[in-house]
Each structure stands twice: as structure tokens, then as C-alpha cells.
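See structure below.
By written order: A, B, C and D. Residues from 1 in each chain.
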Amino acid sequence: MSKEISAAILGASGYTGAEAVRLLARHPKVHVGPLTANAQAGRALGELFPHLHTYSDRPLVKAEDVDWADVDVAFGCLPHGASQETLLALPSHVRIIDLSADFRFRDVTTYEAVYDRKHIAPQKTADAVYGLTEFARDALKGAPLIACPGCYPTATLLALLPLAQAGLIIADDIIVDAKSGVSGAGRSLKEANLFCEAAEGLHAYSVGNHRHAPEIEQELAFAFGVAVTLNFTPHLVPMVRGELVTCHVKLAQGTSVDDAREALRTRYADEPFVSVAAPGASPDTRWVRGSNLCVISIFADRIPGRAIIVAVIDNITKGSSGQAVQNLNVAMGWDEALGLQLEPLFP
Amino acid sequence: MSKEISAAILGASGYTGAEAVRLLARHPKVHVGPLTANAQAGRALGELFPHLHTYSDRPLVKAEDVDWADVDVAFGCLPHGASQETLLALPSHVRIIDLSADFRFRDVTTYEAVYDRKHIAPQKTADAVYGLTEFARDALKGAPLIACPGCYPTATLLALLPLAQAGLIIADDIIVDAKSGVSGAGRSLKEANLFCEAAEGLHAYSVGNHRHAPEIEQELAFAFGVAVTLNFTPHLVPMVRGELVTCHVKLAQGTSVDDAREALRTRYADEPFVSVAAPGASPDTRWVRGSNLCVISIFADRIPGRAIIVAVIDNITKGSSGQAVQNLNVAMGWDEALGLQLEPLFP
Amino acid sequence: MSKEISAAILGASGYTGAEAVRLLARHPKVHVGPLTANAQAGRALGELFPHLHTYSDRPLVKAEDVDWADVDVAFGCLPHGASQETLLALPSHVRIIDLSADFRFRDVTTYEAVYDRKHIAPQKTADAVYGLTEFARDALKGAPLIACPGCYPTATLLALLPLAQAGLIIADDIIVDAKSGVSGAGRSLKEANLFCEAAEGLHAYSVGNHRHAPEIEQELAFAFGVAVTLNFTPHLVPMVRGELVTCHVKLAQGTSVDDAREALRTRYADEPFVSVAAPGASPDTRWVRGSNLCVISIFADRIPGRAIIVAVIDNITKGSSGQAVQNLNVAMGWDEALGLQLEPLFP
Amino acid sequence: MSKEISAAILGASGYTGAEAVRLLARHPKVHVGPLTANAQAGRALGELFPHLHTYSDRPLVKAEDVDWADVDVAFGCLPHGASQETLLALPSHVRIIDLSADFRFRDVTTYEAVYDRKHIAPQKTADAVYGLTEFARDALKGAPLIACPGCYPTATLLALLPLAQAGLIIADDIIVDAKSGVSGAGRSLKEANLFCEAAEGLHAYSVGNHRHAPEIEQELAFAFGVAVTLNFTPHLVPMVRGELVTCHVKLAQGTSVDDAREALRTRYADEPFVSVAAPGASPDTRWVRGSNLCVISIFADRIPGRAIIVAVIDNITKGSSGQAVQNLNVAMGWDEALGLQLEPLFP
């Protein structure tokens, strides 16, 4: 093995696990190591995901059967709750990049209220870095535990944080009307995820109580310096990948849409994965499918003093496993784009 | 012909024209008369729309070649502008049910500004009834010219008008985040409407300047008694039929979400086509596909004092040709549901 | 209740049960009676199928709790096996229209081999009429037990039976390459039926061993007068409804494609639901969606002496519940189209 | 420019042109040079294809305005006919990799009959190599003009050529029932390609007269050593990318399905992009989406002595631009997988 480090994927039978394998398969410095999936242990990866042809013969193993001595980093692609339990058992030399919600909240009591369960590893939370890469690079370097943001928070925060930090929007009455493809629900067998139930239709879900709302509020509160309560209304769209958030906000007194756009442009000028569209251009999730990109656009509202900010990402890539790889690259001090230099797939 | 009246369809080569034929084919009192389509004149309906098997042999004719003596009513399924021109030429005994935007504005100068063209039949506008059926029955009876609302205004106004009229929501900062299937764009050959451009993706369009915004504002202003400027942000969703509007509003001082739901329930208790979902239920466009139904639901926002109102319709049925047939039924004094008693198609 | 008879739906929580309710809701002579669904008993129909608004408050009940005294006919919308068990328990005055495979085989041993289970009601099989309506009218009149054909057999047999009976095609090397929408798999929770697994892709399934092959062979053998073994290769297509069979056959010596088309036209000239497309026209499942129609077309092959016959149906309507209603109409001696006079839904 | 050679893309405004840019953007030895598109000259690539972010500022130019001095290779992504005209005008030092049909036929008169037009560059045809990479490597090395196969011929020939060459199948009655996503039709504005016309339905097209049939016949005739006439029946499937061919064939006397599978396995054992699935596994186009892979499977037919061979490719990648890049790699003597080492995108 000529690669620099070896990565385990915990929960390789789900979509985010498979996406991590897809991306790491082409990463020049990371060897794809053990793949775990407790219920599917013993089956080959290619049986579950025939598209992952490079590793089709790799067996899935139980997490408890992994020899961690040769593993440098673990991507946690498990559901919340299961993630804590599994990660607690890892030896301390293993860097953890967790995609679950378990370590995203700076205050464990908030986590426990939102996810309605006791947190069993509160001490780890204190060390966790909230890995919205573009806003966390210093903290990410060398971090032992990185909590990757949820998909909706990723898109929403990339759209709003620069404006909140600069005082160009106000903290009141922020309305985030969000839309996601069905892959955000994972590979679990729920009636609502069946083709015949999800195709050719649309509905809002978790209206007023989606768990990503408190996560967004936590981060916006840091940026604004005041507590934030927002409207977050997600919708399930009949497509596989892709997420679009439409943020309806009030501009600060004296701020124009052009001011805000300029602030976004300046903030993201040197970013490899975030860009601001030309005035009037309306980003489509097709612009970023299969890539780690985020594209943002800002529009004037008909209502004076308000603006509409749209951001698109691929929920499985920048919204999950792509950002996880990006965080690994930063944590290791590597070129941030390693393994992620992919043009989106269109049509 | 044993039916009571004969209806012409002007513009039978488009989706709303075809939908009118689909519905009238089963209407017990309306004979499907001349079908016009200038560019396609001479072809049979079945060549353009093989699903319309009952009338597959019917030829399309030029509007100028129709003998209007035997025609009682004309459904105008033409684009705006073309609609005015064609309808102006009809003899006065023909009742007009127009689906275009040409006669929706009570003030011709607003129309001319929004649609960026001179109105050539301003005198007819004065007589036109804005045909949001549930709010226009008295005026519709015997009306010679009915201007059917746009699809987005139909869903939005059904969601908001009762609350605006009752003073339960306020006129400021109304945000309508709307989503539509691709059929709303009609059968015209535009790149954005190609399967490969519209499938598996999502984007906002006409942000801040969609022509349905002034139409909604006009009607809300009547209800509120003050001028209204709203945020209207439509999105194109990869599905054929269906429209969902998510209305983010402020409740009036002292009004609860339960109050508002109760007001909606009371208002629509006797309506054959509009219903209010149970608390917590989130309407899906699949609940109404192919039918004339509208389902509305109201949710509490995380932000105190605000509410989220969702409404779903089939944009081609209740949003276009279905409401047109409903308006005809009212205008004629018939049972309002004639020809429209269809269960939605699911899955 | 002013309707003539009352119908129970056994298995109203599945797609074919829901389709039966959709169609019977508008049937002038049939009252929708008890709706059974053992696992969902106690819930209202509208919770499972919000589109069925006319009966949204109807409770689902256990089959064992039905009072059969007032029920005249039962539509069996249960899986095979479960169907036998449930139907055996019905009193003899209840006419049975079964959509499962349980009574389709004239030889119980074939059924037992194909479905790999013991048949518990072999005596009933002897009385069952194979309900491909267009070829079974005499037998259907007054029949106590009607076994509706599978969806694939329906389309395939409508395409081939007239030619087989007339000796215009030969029994050797019949290749039926079939394609179905995902609803054919029902509402069951299987990974392959998830939106993300079924969208944007295509594969063949049950190649060489699909259970509809022996059923087609049974009926073709009657028509040809010799045993038939055919190639039946189904594919799962990313759409909800619709089924298309492409039958690659050898014409009998001296028979032309025009001869065969003429034979089909003559055979179906007076049929309300089966039609033959114009030469060169290629039927699309969109031509029949939501309706009880079947459209057939025949093409010359590049290989001399061969022909390609394409047939399209909606798998849930003509392929399941629509044909079941049609069979009821015939059994009762009513107009065969009652409750089925629907234009397809397009777009 | 540190890359070894520079490539022009002729016809960069279409899907195959865009796919060539997508792949070459990550090719370590090829610089993306001039991009031509006559009707769109002057616009930036990013306006037409916002997903191609790496080259979003690149202007499209007219082919006649290209300075060919710095260009080493031209990818011809133009329609047939236009391709001949444009390629004829190129200086002789430019290697041509043509994706159109213009140089695929070894006999110009066949081309002229099939495409119903005069060939204006018959002399070039003599030098053209038919670039089904896996069967043309020797001829491809250094070839000045490579005619890439059509998408359907690519999948069909990969499935059948090894068996034809080895005498394991016979040349009679070969039936290729093919299915393609809508992107095969390109980005042109045709009603059949609209979302509302292509979604949620399926039909066969060009039955008996598709232009890829003679191309497949040409190559099979070489393999079999006798002239071949086959049944080729393509269907349009509601998905963007992906192509699946179901080949119904007769095995040679004494050949079993296992023999044939073993022959395919042996033939493709060392191929980087072609693989044979395990017995019983049924390849899905999702297994190869966005990649240059082809997966083949063979099944026993119910009819003794027959077999069913299924092959899947991505029509735009292995079926078009991916194979073109693969051919360039071979022609240059490079590692054949350069620029093509991509895992498929799933879900």
C-alpha cells in the first residue's frame, strides 16, 4: 500500500458510506480500508452496490471485528445514536470524521432534547469540531473528531453565514424553504421512500420540527451574536440527488442586494467549492450533481428591504461524504480538493 | 346531439386544451364541438393527443373557419395576447371562458405593464368576472366572459383569501414559495422543458418578477382592503402535474394556528373541491392529481406568531381546465361538479 | 343505498385494492361496501390513500369481521396464497372476482409447481373462469369465481391470441420482451422498489423464470392447439404505471404483416377497450394511463417472415382492477363499460 | 500548458460535446483546446452547461475561426453530415475522433442508403478505423481517423461479438430488443423529448428501420463470416442516461449457456471496462452511469437452445464520448484508462 493513510468506513451499506467509497477510490493519499456494516457482514460490497466496481469483492465486516491497528481514520456513516456507540469503542489513534448528528451540538442538552435520547459520549462532544469546512479550517487542522454538518445546514449556512457575520442581514424572520431529493432519506425501507410514493409528487415534511433547524440556529446564533429562531420548511422532491434552499431574509438597514452579493463574492472568491452565480442566474441542483460544489445566488424580493438567497448542493456529496473528505484533507494539511476534483454529472 | 350545449375549444393542441377535452368528454350536458388550433389545422386530434381516444378522429380547424351558429360556449386555451385577438372576433351569443391572463386584471394598465403589451379589448375587461369559483359564484351566474385565474393564484388565493378576509393574517411580508410540475410550461419547445434538462433537478425561476405575483396581489388587496406586495418565488420540480404553494405568513395579533385552521374549515365546509387536512397532515400533489381538488393545511411556525399554509392542486385541472369547467357549471346554473367527479389518479 | 349491488374489497391497503375503489367510486350500479386489510384494520382508508377522498373516512376492517349478508361480490386484491385462504371462507352467495394468481391455472399441479405451494382450494379452481374479458364473455356471464389474468398475460394475450387462433403466427420461438412500471411490484417494502433504487435506471428481472410465463403458455396452448414454451423477459422501467410488451414472432407461411394487422383490426373492431393503431404508429403507455384501454400495433421485422407486435396497457387498470370491474359488468349482464369510461390521463 | 496534446471539441453545445469536456477536464495528458459551436459562437461554455465549472468562461467559437496549428486532435461531436463537412476542412496533422455515423460504414453506398444522403468524403472512409475499442486496438494505434460506434452498436457488439467470433451463437434470428434513456436523442428541441412527453411512459421507436441496425449487421457479418439481418427494436425509457440491450439468440448446436458465459469471461478477463456478471445477476444501467463501463450477463431461455444476453452501458460515456477518449488513449499509446477512472454515480 503506497497510500499515506488507511480509512475505515463505518456503515458502508448506506448511501453516504457508498459515496465515501466512491470518492476515496480515486483519492491519491487514502487507502480504502475496512468496510463495516453489521447487518450485512459477510456480504461483498459489490452485492450491495454493484456500481462500486473497484472494490466489488471487498467483504463487509462487523465493526467489532476490525483490526484498528492499521486504520488511521474512520468515516462514521451510521445513524445518530449508533454512531456514538461505535465511535466510543475506537482506539484513540483513529481520527474520526462523523457524518451523523451525534457531535454537532455544542451543548449536549440541546442534542438530547432534539434527538430525544441520552448522549453517551458527552465528553467527546467538547472536542468535536463542527466541520463546515469553509468556516472551520483552523479548528479542523489536526482535529481528532470532526462532526460534519447536516445536508440542509451545509447549504443554508453557506448561503447565510457570510451575510450574518457581516451584519448585512438581520436575525429576525429568516425563512428557509428547503427542497431535497429522496436520497436524503437514505436506503431504509419506508413506504414514503418507495418509487410509487415519491415519484410525480411533492410535499412538505417535518414542518416546524425538523431536526436540522436547531442545528442551523446554533450556528447562526454564533454568527449573529444573538439567539435565532427560524422557519425551516423542507420538501421532498421527486429526484434522487440534490438539495436547494430558498432563504427569504431581511436585509439590514441600508444594505442592497448588490451589497450582499458583493459580500458573498468576496467571501468565496478563493474557495474551490463555493461560488456565487451571476446576477439573475438561478442555480439548479443539476449544476452540482455528484460534485462537492455549492452555488449561491441572491435576488431582490418584490418586498422592499428583503432578499432571496438560493443555494444548491448535492446532498450526498457536499452535504455528506464529499464534505467529510474535504474535512479530512484539511485535517491532514493536504490540498483540500484531493479526491474531489470531479465535474458534476449532467445531463 | 342530446347534450344541452355545445362547446368549442380554442387552442386544442396545447395541454390545457387537451385537458378540457378530457373533462368535457364525460360531461353529461356539454357536447364537445369545434376544436381549433391554427398551426395544426387539418390534423386529427388523435395525432396530437393519442390518449383522447373518444375524439381521436376529430379534425383540428382554424378558428376563422368555425361556424359559430351552433356553438354556445368557447373555452379559450390560447396564450395571452392571442386570446384577446381570437375572442374579440366571436359573436356575442358565445359565452367565453378564458384561461389566459388577458382578462384577469381589473385595471388594463396593470395588465399592459405586467404583460408588456397593449390590450386590444379593454372594453371586454370591464365585463370579465375573475373566476376563482369558490369566491365568485354570484358574479359567475350568467357571466358572458369569465377570466379563469392562473394556476399559482388559484392555489395561493384558496389558501389565503379566507384568512385575509377574516383579518386572521396580516398583509405584510407574505412569502409564497411555490413549486410546480413541468406541465405548467405547456407543450412549447424550450430547452428548459426537455426531459434531460428538467429531470433530476430543481431550480427557482422568475424570482421576483413572475407575472402571477401582481395577479395574486390584486386579489389579496381586495381581501385585505389595502395594497399588498408579496414575495412570490416559484420553482420548477421534476414531475409532470402538480402544484404546491408554501405560504409563510404572520398571524394577526391574538390569532392562533388553530383559530386559522378553524376559519379555513368553516369557510370550506360545504365546498365540493376544497378541503382542509387534519392537523399535522401534509398535503401532497399526489392527493389531487388529475382531479379538481385543492387540499390545504396549516402549521405552526417555529417563529412565534407566524404560520405556514400549504395548498396543493393539479395545475392543469383545478389550476386551469378543471376550474374552467367548474365555472361553466356555475355560469349555467348546473350542479357545480358535473364532469369533475373524478378520484385523483394514484399511484 | 340505491345502487344495485354491494362490493367488498379484500386487500384495500394495496395498489390494486385502491384502484378498485377509485373505479367503483364512479360506478353507477355498485356500492362500495366493506374494505378489508388485516394489518391495517382500524385505520381509515384516507390515512393510507389520501387521494381516495370520497371514502376517506371509511374504516378498514379485518376480513373475518365482515358481515357478508349484505355483500354481493368480493374483489380479491390479496397476494396469492392469502387469496385462497380468504376466499374459501366466503359464503356461497358472494361472487368472487380474484386478482391473484390462485385460480388462473386450469391444472392445479401447474399452479403448485409455479408458485411453489400447496393449493388449498383445488375444487374451486374447476369452476373458475379465466377472465381475459374479450375472450371469455360467454363463460363470464353468471360465473361465481373469476380469475383475472396477470398484467403481463393480459397485454401479451390481447396481442397474440387472435393471431394464434387464426393460424397467422406460429407457436415456435415466441419472444415476449416486456417492460413494466414499478407499481407492478405493489406497495411492499423492498429495496428494489425504493425511489433511489428504481429511478434513472433499468434492468431485466426474473429472466427465464417469471411466473407469468406459464400462465401465458397455458392460454396460448389453447389457442394454438399445441404446447407452447416461450421466452418471457420482463424489465423494470422507472415509471409508476404502464406496461408494454414487445412480441417478436414468426408469421405463418404466406401471411404478411398487413394480413395480421387486418386480422387484429377485425377481431377488435367492436371492442370498447382494445384498438389497433394505424400502420407505423407506435403505442406509448401514456396513451392508456389510468384507463382500461389496450392499444396494439404490428410492425414488419427486418428479418423476412417475422413481425413485431407491441401492446400497451395500464398495469393497474386493464392489467388488474379495471379488467376486474369489466368482468363484473359482463358477469352481471351490464354494459361492459360501466365505471370504466375514463379518458387516459395525459400529460 | 504542461499537457502533452491539445484537443478541440467540435460541437461543444451538445450532450456528447459536453461529456467530452467533462472527461477531458480530468485527463492528465490532454489539454482542452478550442470549443466550437456555430450557432452558439460567442457565448461562454458555462452559459450552456453550468455544470462544466472548470471551463465556464471558455468561449464557444465557430469552427472556421479555429487556429488549428496548436490543435493535435479533434473530437467530432456533430450530427452526421455536418461532421463530414467540418472534418474535411481540417489540416492533415489533426487526428480525428468522430462520434457521428459519417465514417462508420466500410462501404460508402451503404452509408448513403441508410442516411439518405451523398457522402462528400468517401476517400476518408477508406482510412477510418471503426473504433469499438476492445476489438480494434491494433488498428487504432496511430490511426488518423477513428469512427466511434453508435451507442446501440457498442452495447450490442460487446455482448455478441465474442460469441459470434467463437461460433457459439448462430447468425439467424438474432433479436435485439434495446432500451435507451432520453439523452440519446440529444439536446434538440423535439416534442417527443419534452419532459411531459417523455416522463412516465414508454414506447418503441424506429421499429424495423433504426439506422443502427445496418451498422450492427455490418460488424456481425465480419464476425460470423456471413451476411446478417437482425431484428433491432429500440425503446425510449423515461430516464436521462443509460442503455440496455436484451439480445435474444440461438446457441450453436452443443453450446450451453455456461459455455457461452465462460467464453465471454475469458474474452473480457483483462479488459478494464467490460465485465461479465455472476450467473443470475441482472445488470442495471445504474451500475454504469457516468462511467465507461459495460456489464454483460447471459441467461438461459425457457426455450431450449436459446439464450438471453443483456448488456448495459451509459450511452453518453461508453456509448459516445467515453469510448472516444478511450480510443484516443489507444491511438496515442497511452494507458487506456486515462481520464476514465471514474466510479459510476449511484444513487
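What we mean here is this: a contact is a pair of C-beta atoms (placed from the backbone, for glycine too) under 8 Å apart; a residue touches a chain by one contact, two chains touch by 3 or more.
Here the structure is a predicted model, which is why all the values come from computation and not from measurement.
Undergrad: Going only through chains that touch each other, how many steps at minimum separate subunit A from subunit C?
TA: 1
Undergrad: Tell me, please, which chain's centre (mean of its C-alpha atoms) is farthest from the centre of subunit C?
TA: A
Undergrad: Any idea how many Å lie between the Cα centroids of subunit A and subunit B?
TA: 39
Undergrad: Which whole number of Å gives the spacing of the CA centres of subunit B and subunit C?
TA: From the centre of subunit B to the centre of subunit C is 36 Å.
Undergrad: Taking the mean of the C-alpha atoms as each chain's centre, how many Å separate subunit B from subunit D?
TA: The answer is 45 Å.
Undergrad: Would you pick out the residues of subunit D that each touch at least 2 other chains?
TA: 15, 183, 187, 196-197, 199-200, 238-241, 283-284, 286, 289, 347
Undergrad: So in the complex, which bits of subunit D are touching subunit B?
TA: It is residues 15, 182-183, 187, 189-191, 193-200, 238-240 of subunit D that touch subunit B.
Undergrad: Show me the residue ranges of subunit A that touch subunit D in the complex, using the header's touch definition.
TA: Subunit A residues touching subunit D: 15, 18, 21-22, 25-26, 49-54, 183, 187, 199-200, 240-241, 275, 281, 283-284, 286-291, 293, 295, 316, 341-347.
Undergrad: Show which residues of subunit A lie in contact with subunit B when the two form their complex.
TA: Touching subunit B from subunit A are residues 173, 175, 177, 179, 181, 196-197, 199-205, 207-209, 213, 229-233, 235, 237-242, 244, 246, 248, 282-286, 289, 299-304, 306, 308, 310, 312, 347.
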